[in-house]
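Next come two complexes built around chain A: one with chain B, the other with chain C.
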Partner chain A sequence: MATAVLSGCLIVALFWLVPGDAIDALPNGPEVRAQLQAEWGIEGGGLGRSLTVRPGAPVAELVGVALTTSLSLLLPALVLALTAGFGAAVAWPTGALGWRRGLHLVGAGASSVPVVILALATVLTVNAGTWALIERGIVDRPAWFALPVEPGAMRSALAILVLAVGSSRWSQLSAQARRLLDELDDASFMEAVRARGQKTLRTRLHHLVVPTARLASEQVPSCFAGLIVVERAFTVPGAGTLFWQACSGRDWPVAVGVALGAALLTAAARLVAETIAVVVDPRERERAA
Partner chain B sequence: MTRPVLFALLLLPLVAHAGNLRYAEDQAPALLNPVYGSSMAEARASELLFEGLYTDNQELATRPSLAESSELMPDRLSMIVSLRTDVTWHDGQPFTADDVVFTITAMLDKASASTEYGRVAWITSAEALDAHRVKLTFARPELHPEDKLFFKIVPKHLFSGLPLKRSDTFRTKPVGTGPWRLTQFNEDNSISFKKHGDHRNATGIDEVTLREVADKNYQAKLVLYESLEALVRVLPRDIAMLQNNRKVELYPYQTNSWWYVGYNLNRPGIANSQVRKAISALVDVEALLAPVGTGARVSGPFVPSSPYYNHDVPLTQADAEAAEAAFVAGGLTRIGEAWTVAGKPVVLTLVAHQSLESVQEVTINLQSQLQTAGIRLEVQFLDDAAWKERVWRNHDFDLMLSQWTFDRNEDIREQFHSQGSRNFVGYKNPEVDLLLDKARDAADPFVRKATLREMHAKIAVDQPMLFLWTLDSYAALSIKVGNVVIHPFSFFTFAPQWKMK
Partner chain C sequence: MSPRILLLASVAVGACLPYDALGDVRPALADQGPSAAHWLGTDHLGRDVLRRVSAGGAAFCGPGLGAAAFAALGGTLAGAAAGWNGGALASVVRTVLGAIASIPSLVLVLLCLMALGPGPVQLAFAGGLAGMPALAAALDARITSLRTSEFVLAARAHGIPPGRLLWWHLVWVNGRDIVAREALAVVGSVLVLEVTLSYLGHFGVAEPAASWGNMLAHGLSTGCPNRWSWLAPAGAVLATGWATTLGPVRR
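Right, the complex of A and B next:
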């Protein structure tokens, strides 16, 4: 299924990138271009027009705005997930009991809850708790209340938190981070640094940049999947919401547009990670050369 | 660092919403062009923005809106409508007869493919006599044509001509003559409206906000949390919760809406009237209604408060013996627990629209009732697009669970005439066709009433549907909103008289 979607996206991307369009391929003069553009929804090089979500609106424009909104959730969520993952790796439990084990279990438990349940439970709990405080006169009614209809920083913060916890496969992430740290500690160059009596933090950080960038890029596809649920639950008008609306309204140009945008961003994340690797790590540079 | 920031956010002061009425819809309209209305959410938003030539007064009698007066010709085949001269569009342009002619012509125009065609199909031509007088000509003599002139008028000057398209920029930049004008479509799919300052009637609400709350189950909570001032329809399970709240008032209102299980008469087995009779006799409608809420059972295609409802037609009753006799008469054989045809157990497919309220409770209950009696029912919940393909276009179902909602004209012709565009069950009865024609052409309201009551009795005998119930509807409004009267169909028709305290 994923292959089919990606193939579809790739084909659309290629059609989009090569010069000319379907009208150019017809044996007609320029006089029919305007008429056929209107009829087919082809806007020179664009992705066509929305059928039902925003009838007539250019898909590229809709997807662009929605992806920008989604990125404002996705990027902080990635940073949060990685920070939590490495934090858990540093505080990796050493015994059967203790606070580290407890923390690890809580994290693993929360991230194993389906993101849809996590999102709805967050909305219901935060609303019910805040309303109880308001009713008792303990707090004034906050501007963000009630979720999810009031836009604002709180709604975004909670959406980012839920996306980070629910979509990051935290258990795997922290385990991967722990393995990275272990490999780093066992590396011969780290032994050399320690033997010289130098501080290891700088070397550690330098050698973590590349694997962290790769780890982050691997998280992007699952975060995109989580966006569909999180944005619906928190009423965020991003790519996830747009994709949901497009599927419900059978607006295939918009659905393809969002899928294409998500595929391009995933590819871009991988490209950024590999570029960082080439820039930072001389061995990668040699391999690339 | 994070903790103080979150705490500060928690303590942000209350945002004032004085004069702002916020109400919820499951799905915000994607376009606001009344020529292409397709949902109740659009109808309600259109009621804020646009006006028709006529509208309802609070007793639901016709009164002029954009019209000032009218003169029906003696042959009842045409009328001259005089328009108000003090009306302006939201963009300041004067409202004229050309706008009325343009709207009717656009709705009639086949190439424009208006969803409102049926509302003007009885008009053969519209002609502007001068800036404020329109002559309408009808296909047949009309007794009270004003009753049908409720459709919304759009401004001619904002369209480049015919045909109209759903994608015209007007869809997101609608300009009407209504008491509120559109401010903007917001990023979160909410829509903001502001009072139209030049409207002839002062409104007591400065701003209206349509908020999209996809989760129907959560809308009542948001009223409770004072994040919404109005909820169009309260789910039965939320009635008690809101009733016990001092800050919310519940308003009961009667809708012309009824539920039914439709039989697909194009399917050979279902076409057998004995089989339909048997299935209807197996269903305990009261038990189906209980989890949905309170309401009145119906025996035909009108609500009991309708003048066309025939109270002499009895309600169907669950009767296992009668069902068994009807199945046998219909050629079915009982083998063990199951009813069979040619040795094979009867398996029926029921489709239901997934957005129908309490649809799961009703279908599971129905499935259980039929299963107990020896009929296997496979249930499929469909989203809107799948519903239209399966039910509207392909008629691919055995049974369908749905509801119909009508405006005050209660025109059921499209649902029951053999040529009706909404006759998805494939019902054909020449006598009913004749009665529908007679009712449509009747000049005398008493004749119309008697004809439709007779038709009700005939349909009840044919049973193209198992008629279920009409539900009691409640709207919830914050006590901050006063002077509330709710229109049963358009909801906001009397909203200009509402006041924010």
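Right, the complex of A and C next:
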């Protein structure tokens, strides 16, 4: 909670530093200041109203709609990244060190490709490949062709994939998951479970819930940063697009609203992860008490 | 390959080529493919692509190294203060850094650039601020783990002043690898930020100045027949990104 409050203060402080005032730019600004402030809701509490992106629209409403659209990309991307990370960690060869290092390097190399290049390359490759197939008469023109102009499931699926690979740092995720699994396998309670002849799957899953929730919450800020690029590359009308429009149009109430939404989303993800930890793990409960 | 070698090569190539990255506008030579005179061809204004890729590399050096220096300085101070003192001061430092880290890096950088205006110095400051929490947290964890170790207790028993113990024995001898690794990661992240901002427009490097991001965006948006006009900067970004991330991973 302290993190959320502090990050909110930091964002608002940055915007106090922004030079220039939209009302001062008007020829009769000082005379109409009170009237415009009342109309735009600047001093009326809440997040105010949009200045340039959608003039007059309440910021809270704009940000709420945009965040809902963004969450429909963000959550599947997080699930995909976690599944890929844990999948790679489970399938990781345990024997040869050379293979492990090689796989780790390939994973780190793939996930270090900037999301902007990944998004552009995806759009170009899919469009060029589909056009080649259409020209040869192998396929009819699909409904989603050409990206990113036509909205649809294909556009959303590609955006989620690019976000998961480009922004989630899944090679780090995979390495952390592998370390977790190794620690779990070496733990004394797992030896006790094996000695009793019980199946280890349930115990392993139980002990993986808390670290998985924490790993997922750590990915939220980087995925949100990736959203700005991915939504622009795939023309998705979400929080990333709204934030970019607000920054380029100097619509500071909207930019503050989206930035606060992003910070609160991160804080909420951490809060959920810590709540899960307290509920699932008795040691965490004792520590919290 | 080391990022130092890449950046030196970039500057050296630029110095050897007989072209100007900004001024050599020759529309008659526009959109030409690779040739003996222009190894990577020319862009839509007839400028040499290789010369502009080299100029883009040199332009990135300033903000990248500035951000790394700023993150190293601020992160080392914050991490050392939190790790060495512990208690309430550590809680305050960790909460403030946690608040900065909870804002997505691109959002924080855009907010800083909106507040301070676009420019290389502002980008260095914003990139350094975004990279500072990770560096401070890593150094904090190392110093916290070493603070009660035997060699520190022995040094205290021998009367070594706390300042020398912290800055020489803990930060320099035991923590410099962390600072170097995290500062290198900041260089890589600033490269990605610069490319992203230049691609998105408004806050990045604007034409006619050369940057890998604006070359990439312009080459793709204009559908330039010479594919090297966007493949070359994309390759340069990937090579530098891999050099900054794979080196530490490999070690």
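The working rule: the second predicted complex is superposed on the first by the 230 of 289 C-alpha atoms of A that agree within 3 Å, B and C clash if a C-alpha of one lies under 4 Å from a C-alpha of the other, contacts with A are read in each partner's own complex, and residues count from 1 in each chain.
In this section, contacts are C-beta pairs under 8 Å (C-beta built on N, C-alpha and C of every residue); 3 or more make two chains touch, one makes a residue touch a chain.
All values reported here derive from a predicted model rather than from experimental measurement.
Of the two partner chains placed by the overlay, neither chain B nor chain C lies in contact with A:200. In the superposition on chain A, A:267 makes contact with chain C only, while chain B stays out of contact range. Look at A:49: by the touch rule set out above, it reaches chain B but stays clear of chain C. Once the two complexes are overlaid on the shared chain, A:150 sits against chain B while remaining clear of chain C.
Contacts of A:243 after superposition on the shared chain: chain C is touched, whereas chain B is not. With both structures placed on the common chain, the touch criterion links A:259 to chain C but leaves chain B unconnected.
Contacts of A:224 after superposition: chain C is touched, whereas chain B is not reached.
A count of residues in chain A touched by chain B and by chain C gives the higher number to C.
Contacts of A:112 after superposition: chain C is touched, whereas chain B is not reached. In the superposed pair of complexes, A:125 makes contact with neither chain B nor chain C. The intersection of chain A residues touching chain B with those touching chain C, taken from the two complexes, comprises 232, 248, 250. Those residues of chain B that touch chain A in the shared complex are 6, 9-15, 30-31, 165-169, 171-172, 187-190, 211-214, 221-222, 224-228, 383-385.
Only residues 49, 52-56, 69, 127, 130-131, 139-146, 149-154, 157, 232, 235-237, 241, 248-250 of chain A touch chain B when the two sit together in their complex.
Those residues of chain C lying in contact with chain A across their complex are 95-96, 98-107, 110-112, 114-117, 188, 192, 195-196, 199-203, 213, 216, 220, 234, 237-238, 241-242, 244-246, 249-250. Across the complex, chain C is touched by residues 2-4, 6-7, 9-11, 14-15, 17-19, 101, 104-105, 108-109, 112-117, 120-121, 124, 221-222, 224-225, 228-229, 232, 243-244, 247-248, 250, 252, 255, 258-259, 262-263, 266-267, 270 of chain A.
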